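Following: one structure in structure tokens, then a few remarks.
Labels run A, B, C and D following the written order; every chain starts at residue 1.
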Amino acid sequence: MSVEEVIPAATALARKGLVDAFGHVSARVGDDVTLTPARPLGSLLAGDELVELPLDASELPDGAPKEAWIHLEIYKRRADVGGICRGQPEAVNQAAGARVPIRALHGQGAFVGAQVPVHDDARLVRDRELGAAVAERLGDGEAIVLRGNGAVTVGSTPGIAAARMVALEASAKANLAAASAGSAQPLSDEELGAWRAAAPELLGRLWAYLRSQ
Amino acid sequence: MSVEEVIPAATALARKGLVDAFGHVSARVGDDVTLTPARPLGSLLAGDELVELPLDASELPDGAPKEAWIHLEIYKRRADVGGICRGQPEAVNQAAGARVPIRALHGQGAFVGAQVPVHDDARLVRDRELGAAVAERLGDGEAIVLRGNGAVTVGSTPGIAAARMVALEASAKANLAAASAGSAQPLSDEELGAWRAAAPELLGRLWAYLRSQ
Amino acid sequence: MSVEEVIPAATALARKGLVDAFGHVSARVGDDVTLTPARPLGSLLAGDELVELPLDASELPDGAPKEAWIHLEIYKRRADVGGICRGQPEAVNQAAGARVPIRALHGQGAFVGAQVPVHDDARLVRDRELGAAVAERLGDGEAIVLRGNGAVTVGSTPGIAAARMVALEASAKANLAAASAGSAQPLSDEELGAWRAAAPELLGRLWAYLRSQ
Amino acid sequence: MSVEEVIPAATALARKGLVDAFGHVSARVGDDVTLTPARPLGSLLAGDELVELPLDASELPDGAPKEAWIHLEIYKRRADVGGICRGQPEAVNQAAGARVPIRALHGQGAFVGAQVPVHDDARLVRDRELGAAVAERLGDGEAIVLRGNGAVTVGSTPGIAAARMVALEASAKANLAAASAGSAQPLSDEELGAWRAAAPELLGRLWAYLRSQ
């Protein structure tokens, strides 16, 4: 069950330094969403109570973090998405602040697409309208940079979304290094296609690894 | 009580690598200041004796570090300040040595203002006159870079000041990355305003997180 | 026996962060190759079962990772090679994505040659033909960058290959720093020769150190 | 006694990642030198046997590392030096390979002089002649970069030399950051003088801190 990955994914993100005081992980459960509460992800333990809210909520219940709107608006648009991670990876923030696009420069970079879309509005996303804007900008992508405020990744499960957050941060570092060197060699379309074809297998192994650490 | 945060804030700064052998944390307590002694902040334990000195001291008592002047001169000018942190964050020193200004390039960067002022004199601040110069340059700001020698952050409590030191170092890293890439996108005035409006809530959560680590 | 270094070399690479979910270590054992299975290298314990396959295999046995072809094709061409490491060192990936060649800028950089060859095809190497292409490009070298997907290092034993992976990653970092600064000073031919003459002794000591950590 | 700091200084360098498989620490003891053996510094324990050799040795005794010549040649020229550290700090190597001079860009950078001299010969220093060349180039300085192979720092005791190695590596990082940003602001002569006047006190506190970790 996808929901069983929520807390392990939260723990993995915290262990990798991709979230600190903030960040959330969620899973789709039928017509509902199960979401971590407004607590540091690294403090969650197996069995802790999570926030549940209906996909078609018109307002957020007590105890739901306001960023829940991001999750709801994405799930509504994307039947293929079973898990979402929201984090503040340091290099992703640096790339956004430096106007450096995150392109796939290495194989794992392809796990978040040829170039990661950017929600180019650095205000906090705390209402439905901004949540919808993020979801629209994400489109059918696998990750989105929220300029000034980290990123969101999606997957078939929360664990796969967490593995994508790891790949996204590695890709942001590679793009910063390339920007600093002044040259870059993005994957060719054929290379990108080969890695994306292998992504389900490789992301699964990456998630199994992250979970076991 | 603000004074109860002095040693936890010192511990948090040490754990985050934002101080090493040097650095201080203080709290305002009525008409007095309570300050960590001239020891590495990471070596302080709950209950350790702190240095107390009156806000209107005309000379420092035995056992007070000379940098106490920085703290006294700031508290005298800033009724809103209840806690001060003094550290040597590595990226802040690198930015200062590289003449890279620390602007708000990401949301948390806004917690230390649109651009962090610099005390442009790298000599040690060990007397009242230099302490006053730092406080004047800080003005109504939340952080100040001491070129060549780290930074000072202020807050309503020592913990909030410590959270700002964490945000400042992250912002320094982002500005170095942008300088290296050769492009930067500071927050717009509206974005800056949105983050500054949310700062009390978010800094409180960041401090709660730092304290719990 | 070279094979006894397989798991210690795998452990050392994991401890140094040069592999994560992926990567392999192998040893030549007579006319066979002993290879780590498709598991994270950091999870292997002394005594764990390894994959054995004949050097002249025409297809891979069950349980052998597809990248075994890289190992087989190198061993067949290189009688001097007794151990091979396959990892995903972060700075090596960054250098490849930034088109920064890895030249010997410091002494230990000489342990992987004056300039490390690049297999300039980022697709996954999962069949015999691509494995042969990697081995051909490696030639009589000691390391090869697989653009987009880490690197391979070789040695007289798996431990020496692991020590070379450490040297390769340090060299990649140095080359990225030089690219960022915009200037570089590669070792002269005489300097390179001096370090390469001392390499057997120094790599042995480096491996002994890595193994003991 | 200065010799009592040899193993604590070795341990501190290892803990800070400024040495790995290689590196040495020595102390002057009357007309002799006490030196760590050819073992990783991090493996030395209190009470381990050290190498002793006379300052006027014309050849090295069994068990003495060949780099002992660096130590002997420096002690002979510098009556003020009571301790020497030899390490391989990563950023120092990167700066040397990038032709980035290490200037004092921040206060602690002044602990190793306005600009650190470079021994511009990357060959291993394993005989008396090269050791003498290093000592000559060091002159009356406090640190010297061995291009391609780390650095040497000196002090009144081994601990002070170790504290200088820490300051040197921080300064190398600052200089790389400045080179990457394309601008730098070295300390003025007055600032440099102020920090150098305070160096004995501050290095003593830095060493006390490093030792206690």
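Definition applied: contacts are C-beta pairs under 8 Å (C-beta built on N, C-alpha and C of every residue); 3 or more make two chains touch, one makes a residue touch a chain.
Given the structure is predicted, the values throughout are model-derived calculations rather than measurements.
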Measuring between Cα centroids, which chain is at the maximum distance from chain C? B
Counting shared numbers against all numbers at the contact of chain A and chain B, is it over half, same, or under half, different? different
Which whole number of Å gives the spacing of the CA centres of chain A and chain C? 32
When the centre of a chain is set as the mean of its C-alpha atoms, what distance in Å lies between chain A and chain D? 45
Residues of chain A whose C-beta touches two or more other chains: 180
Chain adjacency by touch: line, ring, star, complete or other shape? ring
Each pair of chains that touch: what are they? A-B, A-C, B-D, C-D
Chain D contact footprint on chain C (complex, rising order): 105-107, 109, 170, 173-175, 177-178, 180-188, 190-191, 194-195, 198, 202, 205-206, 208-210, 212
Within their complex, chain B touches chain D through residues 20-22, 38, 40, 43, 90-91, 93-100, 121-124, 147-149, 176, 179-180
